[in-house]
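After this come two complexes, each holding chain A, first together with chain B and then together with chain C.
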Partner chain A sequence: MFLRQVWTVCAKDLRSELRTKEALNSSLAFALTILLLFSFAFDPGADQIQEISGGLLWMSYAFAGALILNRSFARELFNDCLDALIFSPVPGAALFLGKALASFVLLLIVELACLPVFGIFYNVAWADRFGWHLFVLVLASWGLTVVGTMFSALTVNLRMRELMLPMLLYPMMIPALMSAMHLTTVLMSGQAIGGDHWIWVRLLIGIDIIFTALAVALVEVVLVG
Partner chain B sequence: MRTKVIYALSIFAALMLVRNLYVIFLGLPDEKDQGAIYRIIFFHVPSWFTSFAMFIVSGVASGLYLWKGRQRNDELAVAATEVGTVFVAIGLATGMIWARIIWGIWWTWDARLTWALITWLIYAGYLMLRRGIDDPTARARLSAVFNMFAFTSVMITYKAIEWWRTQHPAPVLTIRGADGLMDPLMERMLYLNWLPMLALAVVLVMIRMRQEGEQREIESLRRMAHAL
Partner chain C sequence: MNAVEAGGLWKYYGDYPALRDIRFGVEPGQCLALLGRNGAGKTTLLRVMAGLTAAQRGELKVFGRPVRDGQARASIGVLGHGIGVYEELSAFENLRLFGSLYGVKDAAGTARAWLDRVSLGNVGDSLVREFSRGMRQRLAVARAFLHEPPLLLLDEPFTSLDDRSIALLQAVLAESLKRGATVILSTHQLREAMELATHVLLLDRGKLTFHGPRPAEMLADPTWLYRRHGEA
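Right after this comes the complex of A and B.
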């Protein structure tokens, strides 16, 4: 029952997004623009590119992701849809997980579209160890979306929503972002994940679990009060 | 009663601090490798202890607010967070002064330092979030939820010197499992200097809480006046 409710909310969000494509298009275009801007900041052909590739990639993901997450609850403001959702017999946790899942899928689409583009433009080996790449992508993106969706709900009724969300979101994203940057850099420079790198995988998994648990437990308070 | 406690604690903190300064500068010898600059540890570590203590208090207060919904817990949470943020700034500043002498640089991006800065930014975000919400109940509720998330970064900062090999010194205190790395006299001084800092923090929290309570009262009076 609970999973059906989660799925209903998720499908609703995805459907409305795929019909308008407003968040998806803008965040994809934004991510590509950032990747382009990075090429002016340093020499894109240099060898050091592999050492900073993870950082570059995840920075653009984080910026693009904030656009998607900003829309997650803000899109429900028109026609008082948010109130209708809160009054509906769906528990807050299901509403939250459904919305998080939808944003997660959208973010993953943007990331998977950017990865080959980045690989081509900056000449890094993105296709090697693709399974590991996917593993890092999924774990880190989930961490970003959980915090992002939660803070999207937190700031939805604020006067300065557009300003407040990035300011709260980015510092809180750092644990997941930092691990993802490190692991992606390791993968892009052709190494395997092992030894010292496991701490980052553990941190990533820990962050995902802690933030998901906190968000599911507290979302009811945020939405209903 | 509360005013008396505030005065008593302030006097205790001042006297203790004067006594400690005397011992730190005239009683204890220079450190073998670092020379005179090591003395900053007596302010650096206690101010981090104080800030962690404040964030723990703030986290517990926010948790209690979410559970019971008492306004006083919200007042305690915001007061403790503000004071904790100040002590983080002191911790960062003293650490940077030490680093300039010992490492030759003000800052390095190692895990401990980075996490400390992130913690500071997150709690600054908490304080700004409060300013962005007008309705007092919504402000208390939403910032309490945010505080629960913020506390995870305190945990990571605390554990960072064990999880990563950092440029920041590894644990030297006996309570963190490092036995005999620090002279017992110096370690005792460190805790002794924590007392006045903690007392000062408690004083500041009490003053800030009173202020917060009065502000709430003024706000409700103003709303009442508008309703009439």
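Right after this comes the complex of A and C.
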């Protein structure tokens, strides 16, 4: 029953988004614009690019991701749909996980679309270790999504929510973004993840577990008070 | 067991107490009209009963369970100020979604049946954003009633409804009362409310000033209770 409710909420959000493409289009366009603008600032052939590739990529993902996460609960405000979800028998945790899952899928779509563009703009061989890239994307994006969805619920009734969400989200995500940037840089420079790099993977896994547990435990209080 | 049991509810907005020690019980099958001037606390009380916001003090039980309990919420149907349906989904998808969330066994079949019931069967696959205001209101009625809730919470249900929607709402309300559902409605339209209400609860600036069977005098003069127990 719980998983069905999670899936129902997730499918509803994905269906709504794929019809309007409001968050997806704006997020993708924003990410690609950032990558394009950064490409003017750096020499695509330079070795320096490989060293900062993780940082460039994840800064784009983090900025673009905020646009998707902002819409997560804001889309429920029209017609008081959020109220309709809260007074339905769906547990807060199922509502939260459904919305987080939908945002996670949308964020992954944007990230995967940006990856080859990044490779072209910066002349980086991203496809060599695609499986590992995907592994890092999934781990870091879930952390970003969970915290972002929680703050989206927290700021949904604020007038300045578009500003408040990034201000709350980015400081919280510093450890996850640092891990993701480091691991992506390692992969972009052609190395495999192993040895000392595993500490960053463990950090990402820990962040995902801790923030997911905290969000699931606190979401009812955030939504109802 | 009472359908709703409120024990000493206090709800503050900042320092302002919107509800002050509200205590009452509603037996199954009753139709309770929540009355009071603007700002008396009717909507706040309905929001607490719907589980949309928590009271700071006191407890509220729905059929013996805390209101945020899943089974308690599954037994409630709410029709509030917002229609609570998604613009970018079709009418059918909206009803199937809520049917599924409420655990209705054949959500798709029930959604189709309710679309026919509210005369939206022929536009069921159209997106709600293409609907007129009246069509949206009828869809909202279907959304609130499709899981046949034993408790209905209606906040100003007749306000700004068109004639067709009023007739539909009156019909489904009458049917719900007939099958033994409990109805709690807040309204300023006293005459319509008095035709339905078996009991009346009057709020005055967050305080409960009267709760009991609808006084016979209110049929002839709906404002009688205000003069007797509330502000004039």
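Basically, the second predicted complex is superposed on the first by the 225 of 225 C-alpha atoms of A that agree within 3 Å, B and C clash if a C-alpha of one lies under 4 Å from a C-alpha of the other, contacts with A are read in each partner's own complex, and residues count from 1 in each chain.
The criterion applied here is as follows: contacts are C-beta pairs under 8 Å (C-beta built on N, C-alpha and C of every residue); 3 or more make two chains touch, one makes a residue touch a chain.
Keep in mind that what you see is a predicted model, and the values were worked out from it rather than measured.
S.K.: First (chain B), second (chain C), both or neither: which does A:L168 touch?
M.R.: first
S.K.: Tell me the contact category for A:I210 with respect to chain B and chain C: first, second, both or neither.
M.R.: First partner only.
S.K.: If you stack the two complexes on chain A, which partner ends up touching A:F87: first (chain B), second (chain C), both, or neither?
M.R.: Only chain C is touched by A:F87; chain B is not.
S.K.: Should A:N79 be classified as contacting the first partner (chain B), the second (chain C), both, or neither?
M.R.: second
S.K.: Look at A:R19 in the shared chain and tell me whether it touches chain B only, chain C only, both, or neither; answer first, second, both or neither.
M.R.: In the superposed model, A:R19 contacts chain C only, not chain B.
S.K.: Quick check on the output: what are the common chain A residues between the chain B footprint and the chain C footprint?
M.R.: On chain A, the residues that contact chain B in one structure and chain C in the other are 225.
S.K.: Considering only the defined contacts, which chain A positions touch chain C in the complex?
M.R.: 1, 4-5, 8-9, 12, 15-16, 19-20, 78-81, 83-91, 220, 224-225
S.K.: Quick one: which bits of chain A touch chain B in the complex? Just the residue numbers, please.
M.R.: Result: residues 147, 150-151, 154-155, 157-160, 164, 167-168, 171-172, 174-175, 178, 199, 203, 207, 210-211, 214, 218, 221-222, 225 of chain A touch chain B.
S.K.: Residue numbers of chain B touching chain A in their complex, please.
M.R.: Contact set of chain B toward chain A: 66, 114, 118, 121-122, 125, 128-129, 132-134, 137-138, 141-142, 144-146, 148-150, 152-153, 156, 163-164.
S.K.: With touch defined as at the start, can you tell me which chain C residues reach chain A in the complex?
M.R.: Chain C residues touching chain A: 50-54, 68, 70-71, 73-74, 76, 78, 80-89, 93, 97-98, 100-103, 127, 143.
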